[in-house]
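Labels A, B, C, D, E and F are assigned to the chains in the order they are written; within every chain, residues are numbered from 1.
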Amino acid sequence: MVSLGEVLLRFDPENERIHTARSFRVFDGGAEYNVARSLAKVFRRQTAIITALADNALGRLAEDFVFQAGVDTSEIVWRDGGTDTRNGIYFIERGFGLRAPASCFDRANTAVSQLKTGEINWHEIFDQNGTRWFHTGGVFVGLSETTPDVAREAMIEAQKNGAIVSYDLNYRDSLWKNKGGREVANAINRELLPFADVVFGAIDFDARLSQFDAEKFRQAAEKMKGEFPDLKIMASTLREIHSASRHDFSAVCITEGEIFKSKNYKNVEVFDRVGSGDAFASGLIYGLLAEKDFQFAVECGAAHACLAMTAPGDNSAATLAEIENLMQGAGANVKR
Amino acid sequence: MVSLGEVLLRFDPENERIHTARSFRVFDGGAEYNVARSLAKVFRRQTAIITALADNALGRLAEDFVFQAGVDTSEIVWRDGGTDTRNGIYFIERGFGLRAPASCFDRANTAVSQLKTGEINWHEIFDQNGTRWFHTGGVFVGLSETTPDVAREAMIEAQKNGAIVSYDLNYRDSLWKNKGGREVANAINRELLPFADVVFGAIDFDARLSQFDAEKFRQAAEKMKGEFPDLKIMASTLREIHSASRHDFSAVCITEGEIFKSKNYKNVEVFDRVGSGDAFASGLIYGLLAEKDFQFAVECGAAHACLAMTAPGDNSAATLAEIENLMQGAGANVKR
Amino acid sequence: MVSLGEVLLRFDPENERIHTARSFRVFDGGAEYNVARSLAKVFRRQTAIITALADNALGRLAEDFVFQAGVDTSEIVWRDGGTDTRNGIYFIERGFGLRAPASCFDRANTAVSQLKTGEINWHEIFDQNGTRWFHTGGVFVGLSETTPDVAREAMIEAQKNGAIVSYDLNYRDSLWKNKGGREVANAINRELLPFADVVFGAIDFDARLSQFDAEKFRQAAEKMKGEFPDLKIMASTLREIHSASRHDFSAVCITEGEIFKSKNYKNVEVFDRVGSGDAFASGLIYGLLAEKDFQFAVECGAAHACLAMTAPGDNSAATLAEIENLMQGAGANVKR
Amino acid sequence: MVSLGEVLLRFDPENERIHTARSFRVFDGGAEYNVARSLAKVFRRQTAIITALADNALGRLAEDFVFQAGVDTSEIVWRDGGTDTRNGIYFIERGFGLRAPASCFDRANTAVSQLKTGEINWHEIFDQNGTRWFHTGGVFVGLSETTPDVAREAMIEAQKNGAIVSYDLNYRDSLWKNKGGREVANAINRELLPFADVVFGAIDFDARLSQFDAEKFRQAAEKMKGEFPDLKIMASTLREIHSASRHDFSAVCITEGEIFKSKNYKNVEVFDRVGSGDAFASGLIYGLLAEKDFQFAVECGAAHACLAMTAPGDNSAATLAEIENLMQGAGANVKR
Amino acid sequence: MVSLGEVLLRFDPENERIHTARSFRVFDGGAEYNVARSLAKVFRRQTAIITALADNALGRLAEDFVFQAGVDTSEIVWRDGGTDTRNGIYFIERGFGLRAPASCFDRANTAVSQLKTGEINWHEIFDQNGTRWFHTGGVFVGLSETTPDVAREAMIEAQKNGAIVSYDLNYRDSLWKNKGGREVANAINRELLPFADVVFGAIDFDARLSQFDAEKFRQAAEKMKGEFPDLKIMASTLREIHSASRHDFSAVCITEGEIFKSKNYKNVEVFDRVGSGDAFASGLIYGLLAEKDFQFAVECGAAHACLAMTAPGDNSAATLAEIENLMQGAGANVKR
Amino acid sequence: MVSLGEVLLRFDPENERIHTARSFRVFDGGAEYNVARSLAKVFRRQTAIITALADNALGRLAEDFVFQAGVDTSEIVWRDGGTDTRNGIYFIERGFGLRAPASCFDRANTAVSQLKTGEINWHEIFDQNGTRWFHTGGVFVGLSETTPDVAREAMIEAQKNGAIVSYDLNYRDSLWKNKGGREVANAINRELLPFADVVFGAIDFDARLSQFDAEKFRQAAEKMKGEFPDLKIMASTLREIHSASRHDFSAVCITEGEIFKSKNYKNVEVFDRVGSGDAFASGLIYGLLAEKDFQFAVECGAAHACLAMTAPGDNSAATLAEIENLMQGAGANVKR
């Protein structure tokens, strides 16, 4: 399984605020990368990340994290680090109670945003390596003018070689606000969705759990299916945010007109929600790669997302056993 | 805006207990100072602190915090540090769930407690600098025999120059228990309230949110107004403590017989409640200094108090944008 | 008061997961030891721990913790540390929300597991020192083939000298799963219960608070009493685990056919639940040693258990004043 | 005293390496800023920083540090933070023994690099505020195409209003290597030196202490004086690097043909050398602002530089008393 | 062995400066206490501390450290903590290279300074408990007007019961500077030395190692012996401070006219020198209590002092084996 | 390149002592593994570790480190973790000045010690994967009765397939002291050396740098060559330990009668010396794998060893550029 996207360094002030902190924990992050990371670290699948990094101490720190995750680093494109070829970083507070999570992205002129078509040997990746799944999404394509083309190139080659292509809509206002906002983002997504088999997120769908209605979801799905007839699966998290520390969570997917909805997790105590959407995607992809049924896949994604919210960083370090326990309703008792 | 009070160093064992800790985070604190600090750091107003510090490494550490807060340090009176001229410190645990916050104050013989009338050039502060608001309160006047006189001197000069004078009743048992307790504290407060325009807290008023009744509040206010006819505004937080980690919070003020009550925040997840009363005061003062209406002021104070409870230390590092978002009911979703 | 059991070093990754951590806090732990520790540190009773440690840096670290706890170290048996005489350690995550606490015990071939009958001068401990209470339990007897005999030897000598003997059933799957599991554990417990006056835990009793029924508890007690007619007191915690961060908690004991149940603590915010059962035992024992009545003892145990869940580590650093406040329903307001 | 330059956030992995770290301490830094910072924090002079920051959480963090330093923040230009208007950060390891300090600067497209002539009201700064000293240097002018012009504009206005202008040559390879290297840097410096009274560093001078020769220094000075006849003072540190942890240090200045050399500090134990050149500059400027003689000034600069190397971060938190003690040869005994 | 003196909490900013720190490690300290602590923790002797503490969270933290040290706490006098009965604390930086250690003591109105004659049952301590050694010194007697009398009372009772009495001159300027300085301190020491058998430090003796001359030491000793004929042993450290990070160290004692000098430790790398004098005293006392010869005792003291300088805090956690290895010249190779 | 040996978790109390620490950093370590780790992480060669781990949270933590190192984990043998199948851990203090490093190994009954012949598919590793170098040594063979046979099996298969076999004598007293000590260790080494091409360490050779004499080294080499005629290269570090914080370091190797000695590094400031021997081995192996000459190889090993001593943990995170700089005598100046 291969992801195309940015590997970011996440600087986290833990209990403090960014603007008054005096030290930061570092984690790895990045929406598309997180999916590959969880598939490797949690679900023990072979995955690789396609990205570019500037070859300086920060780029090597990013690589150090990718190694730790067990994600294949051999397809990383290394650029000379210099004034205008950077590595992406972001600062994020996880929030607490009434205080919302807050972020400060600093990803201008990153090496990955300078990727161009023709630089990556997609043929080798998909044909020779037998990659079965390809994932990218709206964060990567928002990085620059050139990244949508790189994504398209990859998606086409992936499909040509029989890999499943998933795409996460993932709108980030910080990326788009100066180039046309959500409308332009959607326009670009629309250019790429014809090459996707699976989409995470749905255009014009209210993903609040309290508003969930199977029929409305079906309608949104049918509308997308109408527009992109090759889409096979559409999946979405469903969430209700009571406070930064307490969410309701569920997830849903639809395929061939049939809806599969995970159970509802009410009043989930949230340590750090960032990355839980990616955790859902990885769990669902795992279910399908492992040839489980759709109900398993969506439950697996939802349970993984819930666990991902219980620990610091974008990513969970959950184990498959923990996920399956949660799917089966095991309580939070201690084993010893 | 100018506050008169002690700048304390707060030693905080974070998750641990004071009596078994092996390291402490340090913060700045002090009831009256906290108000000036938030007005500077959060609300971006020019403020100064009138206090005294012993000139040793701890005093300079306190000054380092005041600088960081952006509060004017030029009126700090520096004393030779010595055996009997100390800087005030306190140790505080923030509590968790059923475990209440706990404190150990060590503020005997502090430089600030030795302030005497005639030492501060109030005339310069209020007349020449055009200070618009003066704040002090029951913690400062409880520090020693001489501090009530210093407070009176300042309040009179402030009013004479057209500054608004606010006074926070703020009873601290650790200060008064050896000198007559709440009764003596109230007696001294009563000597000073004639020179106040705004009072935080109300004598003989039950400030539990579950017991709030507009009529009772009005009666308490009228009683105080009867005793201190020049009082223009009386304000109070309203709180229900379910556990150290969960409060209900609201606030109320009355002016010219009209009651303004903030919305109720139920089941607020509390990280550290210490200083939330001061946060309320600063928010309300901001509203009035910025010439917003009373409803805005009380909502602003309440929202700021709620945010102050979501982060470590006496003080919040909230931004005005965050406060206004909370006032407008924005949820705790992440922006990115 | 004297406990027989292992002193373990607990390595705790705090907010992180064990399998991805880069640093660990260390605490002391060990079920039977925890009881002696709380009686010394919290309840200010003279206690001693009977155990063995390998004489290397880790053993001395364990001793350093025992000193800190104020528990008498003079009866610790020191063995030469070597390849096959180790000190017990365990790794534990406290869990959060939907993520259950997780542990990894590493207590093979520990010095304490090699204790044999005849090594400890029980006569001196009970006869000459006037020890009034002896405690051990199912964790210690699960350590090796020899430890049940050591426990029996001690219990007999304790009773002979008029000390009260308490025994905590405390099943640990990690100790028993390779030697017959719960059935064998129960069989060994049954060999020792004839020498106990007080038992913590009950065989074949559902300790979920939501399932509590006084009659069922009485029946379970009567059944045990039938089997072990010398048992005088049977006590149990009652717990409902909503999530790793939220429990309901209560406790109950029965003596001479009379049931004493503590009040119910609902929705207790849990920081770290490990050791709360031992905290209950210590509180109940304190009540009886201090010659309070049974209702006090069970309430004291329950309140102490609740406080123990509010702080890191196996053990609380609560004070008796805090426990009594909680027993009397004092809220979680700050004193200052 | 006013400095023109960048305020950087310094991310420091403490004992670790950048490329394998998992947390970072943050400090403030920036060559020209450091001089203003020390003059404020250490030497207690009124100073201001002229810079620009992007208005996001990182910019506010930089401001938080400037406040803490006691440097006036009122002339900071705030830009909207966005994809291409960043705040400068850098990562630095302090080195140890044979391992040299290492850095990774990330200062592309910073707000300060986008400063243009006409944006800062230099007239107000120098004429109305009575600023007595202006400092800038080769780092600031290396930031972009526009910064040399901003520096020139400021230097001319400063001189016009009678302020002393100092300029630190400070070559940074990371800034210049893609635009012509040291040669181009020198060319730009040469365009600005006509407007400087004091220069730190000397073109074509070997600043190794072991190679120091008063005559050679005089010749280098005369050569510069020949080229820039208005230069009044030329100063340089003299250093011999035995290892990252041990330097010899001295300093020298020349004015009106007279050389003043500080004593030699041999085998100085170095904790963190970064910023020691700036510390020298601040000490020398202090001496001159305080109207001490040149020997005092150069000794003060050297002693401050030595103390700056004993603590973490770019900047010292030394006190004037400590500096004077070191100048007078007081040993490193403890006072208590 | 019993010490009379203050147990202080030491707040240590580690690599930072006190006046800009944001967190502090805590250690226990106090000159006379340190001697009892090392005799217990390092040399495994039974020791007790006679002191007073205010009964609040800080006093209990001090007690927690005393427990950890393995020093008997049963003779601690507990006072009600209040405005004017405090626990002593101090802040200390360990220094680095050219930056000297710096301290800020805050020990006014401590519980221990309020000790009065008649409060401690010295008879029980010395007669019934068979205490063999009593230690106090110039720090304790400098705490207040009453402490010299308490010391005298104890010394007399100790000698009456056959215990050896040692006294450390230990001048602290912070204690004496407002009451007459070193002259008054010496005068009070002179009132107490008649009751001492062993004195650490020598009046009018230059303790710099580079100035050491056996004859001068003999003369100083003879002068003291002339004044205090009952003195049996006079001992002193000998030190040369190259920098805060590098000392030469040695020690010497004289008894019955015979001088015993330890070997010289040259260029000792110093992590934290505070407490090394107390470490010397404890090593020498250990040698004598263990009935080793004088050469052993002074070598043991010197080696322990050197090891104490290699680790943080006032006290070492050295083992006897480590001390003996160093005495025998074992190098610093790793054993594994 | 493939190593056979144990992956240990290293628990490091940083500045503290093990026996009084309250938290530990964790690193990976293990003599033979360290060589593979550096070849991967520092020298960017493809390497794998052959080992066994118990499948529990600690084993997965070890794996997490191996991933981070970029060492291939696919040949790790996973055992069920249980009472008697553990993962190896050790505690180590790095020492400071006169305080030697100290360790406490806890590696009884580890999964790796239970490896047996026939379990690893050496044929696949050497024949199919084209492995060019195999490394193991005296630590691995000291783990149990069965490990020498596993080593022999591997060495024979490696040589059969043309891989170079290196063996590090690496005596560890903690492993051998109960089974015959150095003599038995040497006997087992002698059984394996016939299958080695390269040996690190020399029997009966004084490796102190101050005692180095080319002739003596040649004699020791010839003696070993006489005994093991197939040995092609013999290499050794040369070290002089002035204190835990200061070593002299060099290295030497001999091949075909020709001696290659690195330059001498005098007064190397040592942060943590543990693992520097392994760092030397990795550097030398790198030189040979990269087909540099012998002088390069031994200089590369020595420089890497020196850099490894400048940072925490067993392993360096040096870069090849840093190593080459040091080899070429570049000073420790900062690049920026």
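Worth a mention:
By our rule, contacts are C-beta pairs under 8 Å (C-beta built on N, C-alpha and C of every residue); 3 or more make two chains touch, one makes a residue touch a chain.
Since the model is a prediction, treat every value here as computed from it, not as a measurement.
The chains in contact with chain A and with chain D alike are B, F. For chain pairs B-D and D-F, the one joined by more C-beta pairs in contact is D-F. If you average the Cα atoms of chain C and of chain F, the two centres end up 44 Å apart.
Averaging Cα coordinates per chain places chain A and chain F 40 Å apart. One simple way to say how far apart two chains are is to compare their mean CA positions; for chain B and chain F this gives 61 Å. In chain B, the positions touching at least two other chains are 17, 19-20, 22, 64, 68, 102.
Listed by label, the pairs of touching chains are A-B, A-C, A-D, A-F, B-C, B-D, B-E, C-E, C-F, D-E, D-F, E-F. Across the complex, chain D meets chain A through its residues 11, 17-26, 56-58, 60-61, 63-64, 81-84, 86-87, 89, 91, 102, 104, 106-109, 175, 178.
The part of chain E that touches chain F in the complex is made up of residues 68, 265, 268-271, 306-307, 309-312, 317-319, 322, 325-326, 330-336.
Across the complex, chain B meets chain D through its residues 64, 67-70, 73. Within the complex formed with chain C, the chain B residues making contact are 15-17, 19-20, 90, 92, 95-103, 105, 172-174, 241-246, 273-274.
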